[in-house]
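Below, chain A partners chain B and then partners chain C, in two separate complexes.
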Partner chain A sequence: MKRVLIIDDASTIRMYNRSILEAGGYQVEEAVNGMEGLEKALETPFDLYIVDINMPKLDGYGFLQQLRAESIDQAPAMMVSTEAAGRDKEIAYLSGANLYLVKPTKPDELIAYARLLMGEPTQ
Partner chain B sequence: MTPLMQQFVSESREQLQGISEALLGLEKGGDIAEGLNELFRLVHTLKGSSGLFDFPDMIRVLHAGEDLLTELRDHPDLFSHDLNDQLFDCMDFVSQQLDDLETNGEPGDDKERADQLEAALRAMLEQITAGPAEAGSEPTSEQIEEVNEADRDAEALADANRMLDGPDQPEATDTEAAETAVTSLPDDSPLADIPELVRHEAVSEAIAGSDVKLVHYLPEETCFFTGEDPLFQVMQCPGALWGTVKTRQPLASVDELDPFQCQLQFWALTSASAEELDDHFRYNPEALSVYSVAPEQLMAIDQRLPHQPLPDDVLEQLHHAYASRDHDALMTLVTHQLEASDEDCQAHVALRWIRLVASASPDSPLLENSWQLLAELHGFSGHHDTEGVSSTHHSSTNNTLGTTAPLNPADFSPELNEVLQTQQHILGLKDDSPWASGRVQAAGNSLLNSMGSIGQHDQQAALREHLDTALEQGDSAPMTDWLENLLEPASTTETRAATSADAGSPEVDNTADAPLTKAPSTEAPSTEAQSTKTRATDPAQPAAQTASAQATSESANPAPAAKPATESARAESQPTSRSLKVDQEKIDRLMSLIGEMVVAKNSLPFLAQKAEKLGIEDQAYGSRDLSRELKEQYGVINRISEEMQDAIMQIRMMPFSFISMRFPRLVRDISRRLGKDIQLSIEGEDTEADKNIIESLAEPLIHIVRNSLDHGIETPKVRTAAGKPASGKLSIRATQEADRVLIEIADDGKGINPDVVKRKAIEKGVIDEATAERMTDREAVNLVMAAGFSTADAVSDLSGRGVGMDAVRRAVDKVNGTLALDSEPGKGTRIRIQLPMSIAVTRVMMIETDGQLMGIPMDQVLETVRVDKANIHELKQVKTTILRNRIIPLKSLNELLNLDSLPMLNEEGEYAVLVIRVGAETVGLMVDNFRGSADIIQKPLTGSVLGGVSAYSGAALVGDGSVLMVLNPRELI
Partner chain C sequence: MALVKRTHDDNLPSEQQAGTPKTLEELQQQLQGSHPLERRQAAQDIVDHEGATALLLAQLERETSAVVRQVILTSLTRIGDRDAVFGLAECLRSEDARLRNDAIEAMKEMPDQMAEIVEELLADDDPDVRIFTVNILESLRHPHVEQWLIDVLDHDDHLNVVCTALDLMGEVGTEAAIPALQRVGSRYEDEAYVQFAADMALKRIQSSAE
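Showing the complex of A and B:
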């Protein structure tokens, strides 16, 4: 079963995304900030990362930069944010995100992207 | 409420608390920039989570608050108290919405207040943003976006609820999922058995907009024993169009058949909504499968009918009418043809389908489906244009599999396009960051996976080579080349891709022959261009916001004047959380205790075996041995259960900070309103007590604090005149003493004047003058807590304590606490509350009366005595006795409980008397017998009958499993 790591400090958002991904047949783990995310990724790499931007301790940009720079994992990563603004998006791409989605993500959209990025056959 | 909403409410409460603390922290000074950052993050997160739901008012206010904080973060020097007030108001509003959400399942409809708050925030934002709004930005862009956001939110909510509402059920609630469900119709589905007329009806329903579903109901074989009537259940199915009953498998022979097992399965065709079905079958959701049925699946021809082709000339006329979309002519021809012969055949079935669709909805694509039926019967193509390809036959990915021909990006899903173009953009980024190479590899992995996802394994292999080359060379060019090749046809066939491409930013360094990558719109780097969102460019954005802020600022002006008087009402309301946050350690302890219990339990069967053997061998010594072992084992289990009880009580413990965290805000609001300067100190916030006690204490404590602020502490002017420091002190301290919790609230205000209290008490008839004469000052001051003393009128005269102090005392009494009040005029007032740490376990004295066992809380029992009948005297019709030179009134418990029998005497002619303390009085209760004491876990009496009986405080289970009623002597006497 493919594994997804959700990194978000908002438990409601984590629960929401988790329910969608679990319904899609994925194993989901959670981290509440970038530091915890890095720790989990170091333990066992994941097939996909879903990363929030604003978080205490280490934010989403910092998480991705570390993940990519230290070659901890180069698996695809989605960045999710409430802002559609261009600047956040550019920093996200520069930091190593592979997709930028605006919260709240629609379930079918999230699943469609997750399948593509994890190489699961499209339905 | 869905679990997601519950999660949202509980998380948001925490965030609001954090916001409140951050705001207070800002006022106290300290690192403003750091505080603002934290504040922004919290508000931002809160807004993000609320975006999952359709709460437009809440989101609007939070959005405005976030915008304001965004600006403040860049200009921390502009922070002010007024700003803080405004933000506090917003959080109160959000908190109110959460309360409503929790009680009513939806946030309150308070659009006006939201408008007011939003306008006020926008006005503040406008004040602090330097310079007037620049021209040229469209003020409506913000609104358009908000509308879109609201739509999206509503959709997301519906989706989320579907996800979370219950166990996975195969039914599909939206059209997209319906299509996938269609393919999974089981092989044994009885679709073909449905009479043509019913299918006509169902298709008409579908055309009218309902979702037609096939319901399969497979009850448990034992369902008859649970009182279920599956046939009735299915017959009552809402919106049922048709139903059938089938056996699950061929029935066994009569001798083997078990008639008490349900051998049947049930099918029904229905137009009911998924919700209606869920509701109807809510008691047996696991027995239910729902399949969406597309109308075209119902449009079938019964192959058992004879096949008589229509004459060629008729067919040609029909085809002409159909191809030219002349629906009237088609109808006429079809009707005519059907009337021409009354012998049924397959062609007629097809014609009837055409007639149905053409009359109900000639423009629906179903007409093509129905035409197809006729076409297939006669072996010609059913499409409008013979050379065209059916729009429904697009899933031809296997055509290109294994070939090197470029893929047609027109076939790509919007998601795939987005992924590919985003990676193209990422690969075009140039910087020297240490993660640049990782970024290329991640983009490569994303592309590889996408190709795998659509089954393009050849492309995947090619890409892998390009990726290796790119990583070797440290240049992403080989990959961008590959991507361009893949997407090239897009530039000619897909114009939409060009506008939505993310390649607009200037860093993209690409070859000139790909028009796609040279999108001219440098000012619109956002992919939202493909949706209807029109967002201003970055530099212009603040201008747009100020513009809209300006637009609303006019209405904002009267807002501060109309500030609600209940400014701190929110901070006072009692939070009753039904959930407990538990330290992991406490759970671990419980886990290990349970482990011990399991081991201890295992010794019991072994002992039972031993007892059995003893019965056979019958040895006196052995049974003593066994009894000793049993007692030993009892000791072990007893220890474990005591520890477990303690561990569970620990879990129920809550820190005092649960209430005290509301005081800083309360004190701040009240003192600002009264123009008093007050220093609040809180100590012992981590002192713990049972959840019930902590919760029941919140209200009284707030009362006391309010009193101190309102009436105790003077204004700075008065204080200075009295030679006291201008700022008053209020200290709240919680400490633990043995198994009691002590809470002390002290102020250095003007105290309570005992003479005024005495006068008032006499006026109110609480005491008479003679009593007042005898009273010490301390006793007099405590009169403020007497029932009937405090009224609003008493307060204004007294200018001291009084507001609901008797209510405070009652609340403390209720949890078995005590309350003491000390006051010195001119120096201040101190209130000490003593509480038990836990109320979960009560020690009771068990007594017997009229053959029934009852309990009385041990802390009210003074002693148990036997009183000889001769020593009972009647004084003024009251039975009394003398105990250690004190006259004790005696009451018969039977009488108090309206039981008819008289108290029993023992052989020596004595009554059993339980001496108890009720308030300040001592009373002797005559009972039949004493039965020792026990620890019980008291359960309150609930329900309409028992709940109203005040003579009992609760009931509990005792060792032998019988119910023990616990008396409430206070109410009884």
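Showing the complex of A and C:
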């Protein structure tokens, strides 16, 4: 079973994404900030990271930059933001994100993008 | 050629090494200096001078050192006047995500000053400013937080702002929030996340009331 790490400081978002991904057949773990995410990634790499941008201790950019720069994991990462303007899209990709989405994501959209990023059939 | 061990930083101006400048003009010059250490020192020393807020805010926008930026933010928080909180609020419009995050963290440390401008920020035309303001409410520990969130759930017309308020309401909401949570569920009945988050918040409030 493929493993997904959700890194978000909002507990409701984590629960929402977890419920969708578990229903889609994935094993899900959670982290509440980038630092905890890095610790979990160091222990065992994941197949997909779903990363919030604004978080305490270490934000989503910092998480991805360290994940990539220190070669902890090169698995695909979906960066999700609540920001309406999408002005952080460029820095998200420069930090190592494979996809940038604005929250809230619809359930079928989240599953479709997760499958796409993990190289699975989307239908 | 013999190596000479440097016992002090030759790049620092002599007055910085000899002692701290005292006048506002000297501190202003030092705040714009080329060395992060002198800028950091100036950002600390300027706090007690009248007119420091404007100088610190101007430097914050151009500051490249994370350490100096942090000291500037600490100094602005210590000053804590209306200009400081308004200046930090302007940082919420910045294209620089780190500056925005730093400003959010600093504003969380100024609950009384923030409370005076929350309603103004929640009515801002820019939905991202409203989202960041809700993020600040999370740590504000102010008695009006729940009512501000109720107002967002009832009146804000941007889904992302409403969702951010719902996340927080799930943590701080009381029975007073139940009608607003029910109304927002009806207002966004096709939005899966709104339904999920409103339902979670209602369950948490109802279970803690039992």
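Note that in this section the second predicted complex is superposed on the first by the 121 of 123 C-alpha atoms of A that agree within 3 Å, B and C clash if a C-alpha of one lies under 4 Å from a C-alpha of the other, contacts with A are read in each partner's own complex, and residues count from 1 in each chain.
What we mean here is this: a residue touches a chain if its C-beta (ideal position, glycine included) is under 8 Å from a C-beta of that chain, and two chains touch if they have at least 3 such contacts.
On a predicted model such as this, the values are computed, not experimentally measured, just so you know.
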Touched partner set for A:30, first chain B, second chain C, both or neither: neither
Touching partner for A:107 - first (chain B), second (chain C), both, neither: both
Partner chain in contact with A:61 - chain B first, chain C second, else both or neither: second
Partner chain in contact with A:87 - chain B first, chain C second, else both or neither: both
First, second, both or neither for A:13, with chain B first and chain C second: both
Set of chain A residues, in rising order, touched by both chain B and chain C: 10-13, 15-16, 19, 54, 56, 82, 84-85, 87, 103-107
Contact footprint of chain A on chain C as seen in their complex: 95, 97-98, 101, 104-105, 126-128, 131, 135, 158-161, 163-164, 166-167, 170-171, 191-194, 196-197, 200-201
Contacting residues of chain B [partner chain A, same complex]: 3-4, 7-8, 11-12, 41, 44-45, 47-49, 51-52, 145, 152-153, 155-156, 159-160, 163-164, 168, 176, 180, 413, 415-416, 418-419, 422-423, 425-426, 429, 431, 433-435, 438-439, 441-446, 448-455, 505, 525-528, 533, 535, 537-538, 541
Contact footprint of chain B on chain A as seen in their complex: 9-13, 15-16, 19-20, 23, 52, 54-56, 64-69, 71, 74-77, 82, 84-87, 89-90, 93-96, 98-100, 103-109, 112-113, 115-123
Complex interface listing, chain A residues touching chain C: 10-13, 15-16, 19, 53-54, 56, 59, 61, 82-85, 87-88, 91, 102-107
